[in-house]
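Multiple structures follow.
Note that chain A is present in both complexes that follow, paired respectively with chain B and with chain C.
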Partner chain A sequence: MAKLVIMGGGVAGHTTATFAKKWLGNGHEVVVVTPNSQWNWIPSNIWVGVGQMEKSEVTFPLAPVYEKAGIVYKQALATTIHPEGREGDDTPFIVIKSTEEGANGETEELTYDYLVNATGPKLNFDATPGLGNGQGQMGDKTVSVCTAEHAVHANEELTKVFEKAKAGERQKILVGTGHGTCTCQGAAFEYIFNIEHEAKKAGVRDMLDIKWISNEAFLGDFGMGGLHMKVGGYTVSSKIFAESLYAERDVEWIIGAHTSKVEEGKIEYELLDGTMHEEEFDFAMLIPPFSGVGFKAYAKDGADITDKLFMPNGFMIVDAKYDAGAYENWKASDWPETYQNPSFGNIFAAGIAFAPPHLISKPMTSPNGTAINPTPPRTGMPAGIIGKAVAHSVCDMIKKGDDVELHKASMAEMGAACVASAGKGVLNGTAAAMTVYPVVPDFEKYPGTGRDTKYTFGEIGLAGHWIKHILHHMFIWKAKLKPGWTLIPE
Partner chain B sequence: MIQEIITYPAQTDFGFGGTVRHFDETLTQLLTDLKDTITANNLEGLSAYQISSPLTVMVVKKDNEFIEIINPTIFTKEGKLHPTESTAYFPNLTATTTRAQKIKVMYEDREGQQQFLTAEDDLAILIQRKMDYLLGSTFLARMSIEEKELFENKLTQNTNNITLESCPTNLVGDKLLKGIKYGVIGGVIALGTSFFLEGSALNLLKTLEYSLLAILLLATVTYFFYAQYEGKKYNHCTSCQIANVAAMTLIKTIHIIGLFLLIYFLL
Partner chain C sequence: MVKEELNFAKSDDFNLTMLPGKFAKAMRTCKIWQLFRFMVINVKMLIVVSKSH
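And then the complex of A and B:
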């Protein structure tokens, strides 16, 4: 009997675990280690953040789902990896620390035959002074929608701002990225337009100055260097698309900005030309930068071998080309295909946990040497596809042997669909639906933009909102492993 | 070498917005071609897209000196202007747009070195217009809805001698068309309720539906004559042309006949 341990129960980890269990059956053991007791459909957190959904609508308890599926569930935080085992015993293991109530942080050694790292990111609030609380958590000056709890808090603060606006007090709202190397601009994009939509519904739009701040070099970059979309028979850049939307909704923007400091009601930021500026706010939702969760790895003799498994930013080393060098040398083939760690063949990474070889957007640095560019997004769709491919590979290795050909899911050969909400409502909701192929530009195959414009599409409207809402229910249905879950694509 | 400048409605048949990754001979040749074409046509600037290159490169003139701008990004915009612009892509036509008065641009030179430029007024407008081309767009994206409709009329009739006054966007004929459309949709939706009604309620629905038909027919006839009157009054409006009026009248009549048949067979 082989034992597959998956660290993390988000989109990638949950997909890996559930498919692996389905394909392996009861002859092998699948274990999920995650510190969270609830599964969270993160794309809908923005609706919790504007009070249009309850936390309970975007989360559900994991334990009953895993019990039904026959997956062993450990509510715990993985802390160290020991891929060579210990002196006298070659069985690899990880150390986990329980996060269950009443367990008092008990630690346990969990052996494995195959290990999948799908922890997602660490929300690195402390990378920007004042954005974090100095202890790795969000500070008290801004809000976030990265977790369901954060989104509930964001809605509470937003409600206060709306109340002040109703009382005739003009309010400044600032939404965007809290650091020069953030990713996930899409979530902030959705949130700012949902705030704008809700403000109109509440009759306070005229009392709000809504402003976007981002590390993107242009509006509509989204960490992918932008994209070209077919809209109404024409192909246009996402920059034109985004600028039109911002202008239409009267949302001002600051781009090419590295938020360097957050103070009470004020941020300090550096622009691409190295100049420093300030922006005041009454309410700010700033996405933190991501990093790896900070695992340590140890050899049999206790030596620190973290650098064999992880890049300095904490993300896991996989089969990518990490020495591609300058921007002009970047190739689609630099991106990983199997997500297998080169040092330990029984260790994989899935979703945000793997280290990308380089950015997707063009790297930008201010004259002061500050990097101001979005890092690559790894949204739900690629995370799910990668998770499923990794599950396939591990199952084949268990059933057929370790020298089996591994399944591939390169982001340079993968299309992605994104439905970004710009306001919730059955009759007046809007969302921008976009597809892009491939996610990572392939400049050799598609000279110029690196993407195939035949397979790009973009449209904004009510239908997009309905699709986003339907997807919300479909993916939660799938994650709960309800009948027909395997038929719903990642 | 002087290159042909593409003009409306021609579009390049390849992508656009391709980032320059290699600062080599190909780029040098492109920059030379842009300058030669600007000089030969006495222009203020050109984007690579306008001479059929997909790369994000533009050359603009400032004080009779060329500025080579590669991989530009406009990261700061201040102030608003509403200039009347012309461009080689739409020869002999002008339009009023909305532009930033002052911009800051980060770009690379032909050596790949990062540069910054602060541009104001005419130069800022020029760079913003060329930037639109690099992104596969035109200054149409920078117009108000009214100005865009006006410019589309100018394009259709290939004349610049049309103003907002000579072709208003709130024509009575267009409003009538919209009213007829909603009337037909409302009639069809109301028919759906017939499945749940009976007796006197059904008779009332029938009376209302036939009354609606009569109103719609009257509105269509009114549209036919009034739109012709507007056509004579605003002779530069595409939507006022007699052929257009006749076609729209025919389409609306077909819709009304369709509604009549539904009422006749369902009620």
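And then the complex of A and C:
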């Protein structure tokens, strides 16, 4: 009997675990280690953040789902990896620390035959002074929608702002990225337009100054170097698409910005030209930068081998080309296909936990040497597809042997769908529905735009809004492993 | 006065982009047109999904 241990129970980890268990059956053991007791459909946190959904509508307890599936569930935080085992015993293991009520802090050694790192990111609030509380958590000056709890808090603060606006007090709202190297601009993009929509509904739009701040070099970069889409017979840049959307909704923007400091009601930021500025706010939702969760890895003799498994930013080393060099040399083939660690063949990474070879957007640095560029997005659809491919590979290795051909899921051959809502009502909301294919542009295959413009498109309307609703219910249905869950694509 | 064009004057950034007119805005919430677009977007998304696996 082989034992597969998956660290993380988000989109990538949950997908890996559930498919691996389905394909392996009861002859092998699948274990999920995650510090969270709840699964969270993160895209809908946006609606929680504007009071249009309850936290209970975007989360559900993991334990009953894993019990039904026959997956062993450990509510714990993985801390160290020992891929060579220990002196006298070659069995690899990880050390986990319980986060379960009553057993909080108890440690345990968990052996494995195969290990998948799908932890997702560490929300690195403390990278920006004042954005964090100095202890790794979100500070008290801004809000976030990265977790369901954060979104509930964001809505409480937003409600206060709306009440002040109703009382005739003009309010400044700032939404965007809290550091020069953030990713996930899409979440902030969706949040700002939901705030704008709710403000109109509440009759306070005229009392709000809503502003976007982002590390993107141009609006519509989205961490993917932007995209091109066909509109009205033209092929146009997402810059035009995004700028039009902001201008139509009277949302001003600051771009190419590194938020360097957060104070009470004020941020300091540096622009790509090296100049420093300040922006005041009454309410700010700033996405933190991501890093790896900070695992340590040790050899049999206790030597620190973290650098064999992880890049300095904490993300796991996989089969990517990390020495591609300057931007001009970047190729689609630099991107990983199997997500296997080159030093330890029984260790994989899935979702945001893998270290990308380089940015997708063009690297930008201010004259002061500050990097101001979005890091590559790898959440949502790519995370699910990678998780499934990794599950396929591990199952084949268990059933057919370690030299089997691994399954591939390169982000340079994978598309992504993104639906950014504005409002939640079925008949009065609109959404920007976008697909991009492939996520990582391939200029050898698609000279010009780097992407297939037949399948890279964006449009605004009710249709996208309906799709957003359907995706919400469909993915929660799938994650709960309800009848037909395998038919729903990642 | 064309209401849809007022935002062009609000900032230099706004002045340099495009804004939807009455027709484009109406089509975004026209249920018949959006039902058609719903089908088109779904088909495109399914193709993207199938090409990605």
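As a working rule, the second predicted complex is superposed on the first by the 487 of 490 C-alpha atoms of A that agree within 3 Å, B and C clash if a C-alpha of one lies under 4 Å from a C-alpha of the other, contacts with A are read in each partner's own complex, and residues count from 1 in each chain.
Note that a residue touches a chain if its C-beta (ideal position, glycine included) is under 8 Å from a C-beta of that chain, and two chains touch if they have at least 3 such contacts.
Every value quoted in this text rests on a predicted model; they were computed, and no experiment measured them.
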Chain B versus chain C as contact partner of A:102, first or second or both or neither: neither
Contacts of A:466 with chain B and chain C, given as first, second, both or neither: second
Partner chain in contact with A:443 - chain B first, chain C second, else both or neither: first
Partner chain(s) touched by A:240 [first = chain B, second = chain C, both, neither]: both
Touched partner set for A:27, first chain B, second chain C, both or neither: neither
Partner chain(s) touched by A:228 [first = chain B, second = chain C, both, neither]: first
Which superposed partner A:168 touches (first chain B, second chain C, both, neither): neither
Partner chain in contact with A:489 - chain B first, chain C second, else both or neither: second
On chain A, the residue positions that both chain B and chain C contact, one per complex: 240, 243-244
Residue ranges of chain B touching chain A (in the complex, touch as defined): 14-19, 21-22, 54-55, 71, 73-76, 104, 106, 114, 116, 132, 135-137, 141
Touching residues on chain A, where the partner in the complex is chain B: 217-218, 225-226, 228, 234-237, 239-240, 243-244, 255-256, 271-273, 327-328, 330, 362, 364-365, 367, 443, 446-451, 453
Chain C - residues contacting chain A, complex: 7-8, 10-11, 13-14, 16-20, 27-29, 31, 33-35, 37-38, 41-42, 44-53
Residue ranges of chain A in contact with chain C within the complex: 240, 243-244, 246-248, 250, 252-253, 381, 385, 388, 409, 413-417, 427-428, 430, 433, 435, 437, 455, 457, 459-464, 466-467, 489-490
